[in-house]
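Have a look at the structure below before the remarks.
Order of writing sets the labels: A, B, C and D. Residues in every chain begin at 1.
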Amino acid sequence: VMHMLKKILIANRGEIAVRIMRTCREMGILTLAVYSEADRGALHVQTADEAVFIGPAEPQESYLNIDRIIAAARLAGAEAIHPGYGFLSENAAFARRCEAEGIIFIGPPSGVIEALGDKTRARTMMQGGAVPIIPGMVNPEDDLEKLAVRAAEIGYPVLIKAAAGGGGKGMRVISAPEELAGAFAEASSEALRAFGDGAVYLEKYLARPRHIEIQILADRQGNMIHLGERECSIQRRHQKIIEETPSPAISPGLREEMGQAALNAARTAGYVNAGTVEFLLDEEGRFYFLEVNTRLQVEHPITEAITGLDLVREQINIACGLPLSYRQEDIRAQGHAIECRIYAEDPERSFLPSPGEIIYLKEPAGPGIRVDSGIYGGFAVPSAYDPILSKLIVHAADRRQAIDRMLRALNEYVVLGIKTSIPFLREVIGSEAFRRGATHTMLIDDLFSPWQPKREMADLACLAYAASREAPRKYQTDAPARGEHPSPWETIGNWSL
Amino acid sequence: VMHMLKKILIANRGEIAVRIMRTCREMGILTLAVYSEADRGALHVQTADEAVFIGPAEPQESYLNIDRIIAAARLAGAEAIHPGYGFLSENAAFARRCEAEGIIFIGPPSGVIEALGDKTRARTMMQGGAVPIIPGMVNPEDDLEKLAVRAAEIGYPVLIKAAAGGGGKGMRVISAPEELAGAFAEASSEALRAFGDGAVYLEKYLARPRHIEIQILADRQGNMIHLGERECSIQRRHQKIIEETPSPAISPGLREEMGQAALNAARTAGYVNAGTVEFLLDEEGRFYFLEVNTRLQVEHPITEAITGLDLVREQINIACGLPLSYRQEDIRAQGHAIECRIYAEDPERSFLPSPGEIIYLKEPAGPGIRVDSGIYGGFAVPSAYDPILSKLIVHAADRRQAIDRMLRALNEYVVLGIKTSIPFLREVIGSEAFRRGATHTMLIDDLFSPWQPKREMADLACLAYAASREAPRKYQTDAPARGEHPSPWETIGNWSL
Amino acid sequence: MEYRLMLNEEERIFTVTPRPAGEGKIARLEGREYCFRSLSINANELLLEVDGRLVPIFIATEGSKTHISLRGETYLLEDQAALRVKRKERPHDLARQVTPPMPAAVIRILVIEGARVERGEALLVVSAMKMESTLAAPYPGLVKKINTTLGAQVKPGDILVEIEPEEENGD
Amino acid sequence: MEYRLMLNEEERIFTVTPRPAGEGKIARLEGREYCFRSLSINANELLLEVDGRLVPIFIATEGSKTHISLRGETYLLEDQAALRVKRKERPHDLARQVTPPMPAAVIRILVIEGARVERGEALLVVSAMKMESTLAAPYPGLVKKINTTLGAQVKPGDILVEIEPEEENGD
């Protein structure tokens, strides 16, 4: 399989830019990074073959600035652009601009992004396509009174959502009529800031659903396959923090059914490239179409772990016009994979962002561990962007082993200098509810809000402090070859033979 | 699946001790490290729950000292011992001692180790067990004249091998009668030093065979499965440096045939626990039994990658008397895996050992990469032990992608301060012969002896030196949140927008 | 040697003395006794052995604060001596001040100097990592001074709005 | 600024000058010209940009030697000035001396002081990382002094056996 790309611009930053560059390097394709003022020292710049500075820290002036990114591609001669996730990845105007400039956009055609990007339009489209839809509005609405009427029809609780949105931005649960006005104002304002579009709509709010999504791949020749599900129920502030595959709630029969529904959705939209069809699954095993994410998902590595595929490689091949090299029957899942998102945030203070300098970093390793990281020791995490630092992915023979492996890996993970989600993730992963697989989108609100770490090792922390003050602060082992016999341990009789 | 072990002593050091401890931690089992004078600062000590000092650097006084290791287990209350590879792992006396002391030895019964440890006795045993044997002697011989007669019968070239051996120690190729005396003296002396037993024997030397081995698992209930092959043809100084699975030379039919032969061998020996049956495969597709390695192999991670199993977990479960939880038909291989062994050695000077302090270390990461490491930045690699520092394992959808991934990972791997095999591995992995899969045990001797790195980036190295002298030597990015706007790059007009 | 530490807002007082026989040290901590020794790996790593059990310690110092991470938990420690000095130096009680909860950018300013504000009234909005926070008036009063501008990078401790207190009416 | 380096035994002379217009630097190296700039990441990492292409550089200094690793290749550089001083200081030509090729332990001593040895005659055996090396006499002569003992840790540069040269007979 040969492709013709020589250089790809990665219109993103952080862990996902680094991850995309790694596959590019494996494919022999040069990588072009773009970076803002806040990212001069960022890892994605150090990972690229070339880098172009594109402006100030504010996303609008750099990673969201279409003109500058197109100019960077022109300047350095990149033939294609990979948008990663977030930023311009689901921006139809950007995809259209690439098409107009003759630059390959690694993602679906702009028309597909546009049609699926408007969540209400997408749901209207799916109603005709053998895809089960959640009860709710098909068009956005900005008249408060009309919203109140529709909310009453759907029946409280209802969810107000941004039409252009995703990732929990511009989303609020409304339990009773009197909450509607405030939630509308907040959601609309947040949506406007996040997506440049304040349009919102309502839908039925399922109290404790599971979030299940199906990964699909579609080539330009019309071939389409799905790669099974990911369960992404564990969320804080409506944002995923733990994902796993297979879902403990999905039987082979239901997987087949949801996979077919996802393929129906993709076919209805004329989908090309990698995409994700999101569903809610209720406690009775009924599932409802939510939306299609027209890009690489944050959590794609767990699908890579169990299928053995490289989704970025597949995306690039599809964008180059190559047909899929797998049929549905070639896809076989092996074992169980879990991802934890490592965010710069303080789980003790309602996940408040925690930017700043990473003083010391130690990442886990060994059997079944993958770390997709965008940071390094000494890096100053900017406050201008998403708090995601890295993703920790484990793969093991079954779910129980995967959980034990994740706990082991989280215990090995050390980030000093900023607060992270690591201690919180440890407790959620180790909880009885998660072990049982009794996961749903309200699990954290139900069981971990508010949250305080157990801090059962406070005595040890005190001893550690004392030891650090009393022990010499230098590295003490030395090459025995140099003939010295260092005694870094104060040898105590009964601890040695 | 519950087991009763609370604490395991790991009678080893370096990467394999760390790797075993990781699985123990995942299983909720405490780990007890033992360490010598040279290993006070070693990673395996930092990874364990407890550590006991057992003596001077010399292996005979520490890692090979049965009394001290048994005493350590008694002192700390370890109920089982995992021997890793090398050191006491194939020492029947040690296994027997464990049995006598009521300590679980995580490996086969001492009688099996003893029977298979004597390579000539093992081959004699296999002759009756539907396992094809390479032409050669069945008993060791120390009379030079008798050896000369036997060599002539087998036909030159012949191989002289240590009866107690493994890992290339005490092994020499003899092309003509006049080389016999010298090779005998050397091989016997080396075998005596390495295994405490100087006995040697002769066998037919196949010029360019592939080294193929089959991983097996056998429980105490008599269930036995194989996990497919590993090809370990790429060797330097008769020691493996690159392994892969599946082998490019093995068809499904041949895999089945060799798998059955391996199970026959294991059954003949009454094998229990994880083991590896080694074969040579000639250019005509005929295979010959070499020996059984009665322990975890260095290269076991590539089998873990494609089968999804954790072999150390399986070993522990079997040692606890649990039956296998997989049948042969449950074992399905996915994708392709390659391992490179990272040795402390100088590939430009015939792989001369290169112990010393690691000044700076950066390990590869990301999709499909596993690093099993026994080192860290600042660690002084002792000269008393095996030069293995770590193992780099990649897993990808097919062999081509695995090769590209390995090259990417080797390029990311930085070890400063000591010489390593990394630059050499890059060239072997990237060579046309390896890409073609035309691998055999003489490939390095044929194509890479002697070897000099290409050093095509000498100009860049000069610029790097100049830059390091002229750039300030401190970290320069700073948290933008602190309101500073650092300019670490000297901005040049045409490199930024 | 006596240690007086604040460990995540909780005071800890303990003593460390040499072991009477043999090497190592004894710590006495709220009635419990620990025997420990340690090995320094590098400036940020320490291997601690407590009553025979090994614990890898990761440690970083930032001014008077020490971050310690062990077995996946993190602790913030502050020496009492250093703390007392710092407390004296602190000019305001931050809980009563308009200051951001995290390093952030100012994205909206909702009041002008001279305005009268009620307790809880929104003064400005800051944003970090795509999360917005509204800063409200901690007490009723007159807005004396706004110390920031739109788009400015601000951090905890920066007093963004100064308010002259007034009598709270009712409630 | 002129640089004179030994790069893996090969001399390299080049100049680095500031860029006439704009920032960055120009290096002239054996008729080729490179435009470059760099970013320091930490004491051992450097991001080099050469003619618009980025190259992560890993660098470590050991006395007068600098180890550089880039894109999987490693280089050893030595500044000529430092080298000249060092050469003057070096008391012996090591190629003519009995010294181990790597840090190792002495496992066998095969001669005694006062013995006469031929060129190539085995003097002692050292072992490192399970690999044995035999050290042989570099020229014929009388064994004047043995500077090591069985089991000793030795390293390149240590003169283990001193030999008083004699006339080589024949060959």
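Odds and ends about this structure:
Methods note: a contact is a pair of C-beta atoms (placed from the backbone, for glycine too) under 8 Å apart; a residue touches a chain by one contact, two chains touch by 3 or more.
All of these numbers come straight from a predicted model, not from anything done at the bench.
Here B-D and B-C are compared, and the pair linked by more C-beta contacts is B-D.
With each centre defined as the average position of its C-alpha atoms, the distance from chain A to chain C rounds to 30 Å.
Mean C-alpha positions place chain A and chain B at a centre distance of 36 Å. For this pair, chain B with chain C, the centres built from the Cα atoms lie 49 Å apart. Of all residues in chain A, those that touch two or more other chains are 40-41, 355-356, 378, 383-384, 411, 475-476, 479-481, 488-489, 491, 495. The multi-chain contact residues of chain C, meaning those touching 2 or more other chains, are 39, 41-42, 49, 52, 103-104, 128, 153.
Interchain contacts give a graph that is no line, ring or star and is not complete, per the touch definition above.
Contacts between chains, counted with the stated touch criterion, involve the pairs A-B, A-C, A-D, B-C, B-D.
Considering their complex, residues 39, 41-42, 45, 47, 49, 52-54, 56, 103-104, 152-153, 155 of chain D touch chain A. Across the complex, chain B is touched by residues 1, 3, 5, 7-8, 10, 12, 14, 16, 19, 22-25, 27, 29-30, 32, 34, 36-44, 46, 48-50, 52, 55, 57-60, 62, 66-75, 77, 101-105, 128-133, 151, 153 of chain D.
Within the complex formed with chain C, the residues of chain B that make contact are 40-41, 45-51, 76, 376-378, 479-483. In the complex of the two chains, the chain B residues touching chain A come out as 18-19, 22-23, 25-28, 37-38, 40-41, 52-55, 57, 68, 71-72, 75, 301, 304, 308-310, 313, 332, 334-335, 355-357, 363, 365-373, 378-384, 395-397, 401, 404-405, 407-408, 411, 475-481, 485-489, 491, 494-497. Of all the residues in chain B, the ones that touch chain D in their complex are 58, 169, 190, 193-194, 237, 344-346, 349, 352-356, 359-360, 362, 383-387, 410-411, 413-417, 419, 422-423, 426, 453-468, 470-476, 488-493, 495.
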